[in-house]
Amino acid sequence: MCRWIAYQGEPTFLDALVAEPAHSLIAQSLCSVEAKVVTNGDGFGIGWYGDRDRPGVYREVRPAWSDENLRNLCHQVKASVFFAHVRASTGPAIARANCHPFTVGRLMFMHNGQIGQFCAIKRRVEAMIPDDLYHHRSGTTDSEALFLAAFAHGLAADPIGGMAATLHAVHGLMLKAGLREALRFTACLTDGRDLYAFRWASDGRAPTLYWRQNHGNLVVVSEPLDGDRTQWSEVPQGCVLVARSGRPAVLHGFDATVTGTAKAA
Amino acid sequence: MCRWIAYQGEPTFLDALVAEPAHSLIAQSLCSVEAKVVTNGDGFGIGWYGDRDRPGVYREVRPAWSDENLRNLCHQVKASVFFAHVRASTGPAIARANCHPFTVGRLMFMHNGQIGQFCAIKRRVEAMIPDDLYHHRSGTTDSEALFLAAFAHGLAADPIGGMAATLHAVHGLMLKAGLREALRFTACLTDGRDLYAFRWASDGRAPTLYWRQNHGNLVVVSEPLDGDRTQWSEVPQGCVLVARSGRPAVLHGFDATVTGTAKAA
Amino acid sequence: MCRWIAYQGEPTFLDALVAEPAHSLIAQSLCSVEAKVVTNGDGFGIGWYGDRDRPGVYREVRPAWSDENLRNLCHQVKASVFFAHVRASTGPAIARANCHPFTVGRLMFMHNGQIGQFCAIKRRVEAMIPDDLYHHRSGTTDSEALFLAAFAHGLAADPIGGMAATLHAVHGLMLKAGLREALRFTACLTDGRDLYAFRWASDGRAPTLYWRQNHGNLVVVSEPLDGDRTQWSEVPQGCVLVARSGRPAVLHGFDATVTGTAKAA
Amino acid sequence: MCRWIAYQGEPTFLDALVAEPAHSLIAQSLCSVEAKVVTNGDGFGIGWYGDRDRPGVYREVRPAWSDENLRNLCHQVKASVFFAHVRASTGPAIARANCHPFTVGRLMFMHNGQIGQFCAIKRRVEAMIPDDLYHHRSGTTDSEALFLAAFAHGLAADPIGGMAATLHAVHGLMLKAGLREALRFTACLTDGRDLYAFRWASDGRAPTLYWRQNHGNLVVVSEPLDGDRTQWSEVPQGCVLVARSGRPAVLHGFDATVTGTAKAA
């Protein structure tokens, strides 16, 4: 289980969300409140869209709370769309390649949750990754495998439908293999303009997800950044929050157990 | 505040204490029970005496719980005297040079506690370090400074008296500078044969220290490695546990507020 | 192209070969003489057999020349069989999981060379890895993939035949895919007792390999550790040096282009 | 001996100098041409002035050539004044705190060269550091000590005079201690607007320094970034290149052996 933040809105310094709030993401890395594990010290990553075609990414294996480079970068870098993620490994090694966010071209993805008993179907999930992205797989996490596999299910053209189809397929593999653990998916995807925040699990117990939108500035988080709970709305189980650039974020139902449902969103 | 383990006895694999117990040092790095801070993820170190003149040392900035090299080494290395330490920084940077244990020749030292408001007297404490050891200072912690400064107070010839005189002198600097925070010192020193475990603080509130000796095998710890509290004795405030090689460990009073007291021990 | 050392003989401190010789492996990491690239600074690893069932391994992403932990361990650790490897990446990321040696149970493997244009057939090479070892794949190198794939070709029971069959199969994939670059393989394998050092390439241009055996102590190296060339014999192209525990090392022909040839060895 | 680049001019992406040129700083980290040592793989750092009061800094212990974060940042970050430095240690440990550039408030400094036999006078050089900056000392290099000591000699108000006075004082300590090695100083200083590039050595053999200014964009380098030597001018021994913001860079004599000389500049 991990903790993450996504932002979309007016250009903002990353540290306004990552480092400064009372319960900032860096604070959560040392002591999260709503996660199953308290400490999220198994590496971290930030990703942001600047003046270049592709997003910038900085990922490191040290805990977020102890990396002076992270504080320094978050103090300097300003972006209108960015992600930040602190990791609590569910098994895969502590390595930069296993830190979120992951990117393919302009698309950026981060995840909290897991494919239960991933080892048992890892080979089959990786088999879904399209040939042209296979060499792109650089780590060993279930999260990166899900993201890359989603390109075989139309992620690039239809983010919500592609993700639903991928989760449906992976869950099918899990059932076929007789696995008992759940597939849990609280994740975020963006192309630098539109942003999609998913909360879904095969057992209806996806990790928490909250959002807040003031004056068009959207913040989506694993857990609130401060004690003012009136500001934060929960993204319900089985939903995706869709934030098209310049428009208010809206909630849609998201169900990966039934194919095609998601496409309706 | 940190957590540490010291061992003296029959040759033992390090992981028997560092990794295997229910509440092993690696477990404590993620979740300590008796420390002021729960997480001790700011680097770690192990030191052991093998076939060479000088102790081996392995120190790294990653959290102990996530370092596969640490587990691997602790599984392979066997020693009759060893130290292991997980760090929770009280300020100084997360760097290998700031990880315990510290060594000078055959002497090895580790510490839990702090010189309160160290920055205010850092210069004066470092001024105590003898010329021939000044270049040996490789980090910025109060702990390393205390250890090196102790050589100016006779540490090499008289470990207990030297340490008491050093603490007395440093506490004098603190008083003279009008500092209000305390000097707290729960520390361990060895030359690879004899072992000294100190618990003393200027305000009588030194971090916890426990010990257990079975069949001549001594384990000294910040907090017990398992739930069987009957096995563990506390080292009281103002005491030093002295374990000369091959002899039962004994407790002596240790008071650095009055010069000379310690020497009586 | 990388540099490596393998040792089999009386228990010896690792630094006798890794750090002390004029042209030690650490020296070669900064400045190798016979390699295509001068610098081998993309991580390193050591592996040794001690008192435990499985070999100890220490791998790190820093250059060998700058890691004080490496020097310290090599000064302390003594073994009768050990490997040491400094890496110059041919593409895959600098990560611990991409550092040699690799282990499966008691077997240990390291490699210098490459599968030319590996990306083009990576998927197919990984498809050869047996199911029970698939989750064991933790990095992205061609070397680790070769090692794991070899278990599908009988490596555990027949090290030479298994390796020949694997190289034959991989080379077949390369030809089928129309790749023009060569498959080059200067590698070492051991179970902690017997040691096999291979030098073979599909174009007859495998990286250099030398050996020396004095009083039963065998040293196999990418390039000599000192200037005394009379001490060192070259392992010829298309050969495997076989060193069964306690017996003189002997050279056999090794040809992976024709199946079955190797088995004759 | 290290390699560095300084830039002052129109906002430019860092990778235009750090990564893209044929003989970019990253290329020099692996294989420099004019340095006494070929490899500059002992860590690196970049520093730049963005929208904040203080410069951003990213320093890491891995070689510049192997750090994907460095490439990524240099691709994203744009600045009108920036420094980049790759280190070849002359002794002090490979640690982030020993990587250049160093900063105090808005001032940023990097250095190539050394105080010969620094260990012998380290204590006396550090004694020059003003009280309010003493805690700011976070590493063990001669370079950082020089920079901090310079604040005691008026660096903040008079960069050239302050630096000359500091070098004069340090050289005096060297002579007094009977040291035979030279003090060599090829260094750069900026406040984010004006830039000073020094080349001076007590034995007249300071490391190389070149500069190029096109359309107001100034590049100062340890060695040229490309083969077109007509573009690059050497900064002569005993000179400082002064580039006030918006004005052409000019050379002045700089002699630290005679106090006061520099102030004339």
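Residue numbering begins at 1 within each chain, and the chains themselves are lettered A, B, C and D in the order written.
In this section, a residue touches a chain if its C-beta (ideal position, glycine included) is under 8 Å from a C-beta of that chain, and two chains touch if they have at least 3 such contacts.
Only a predicted model underlies this, so the values are computations on that prediction, with no experimental measurement involved.
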For copies chain A and chain D, work out whether under half or over half of the interface numbers are shared, and give different or same accordingly.
-> same
Rounded to the nearest 5 degrees, the rotation mapping the CA atoms of chain A onto those of chain B is 180
Approximate Å spacing (C-alpha centroids) for the pair chain A, chain C = 39
Check each residue of chain A and list the ones that touch at least two other chains.
-> 68, 93, 96
Residues of chain D touching chain B in their complex?
-> 93, 95-97, 119, 122-123, 131, 134-135, 137-138, 140
Inside the complex, what are the residues of chain C that reach chain B?
-> 13, 48, 50-52, 56-60, 68-69, 72-73, 75-78, 96
Chain B - residues contacting chain A, complex = 30-31, 38-39, 41-42, 61-63, 65-68, 89, 93-94
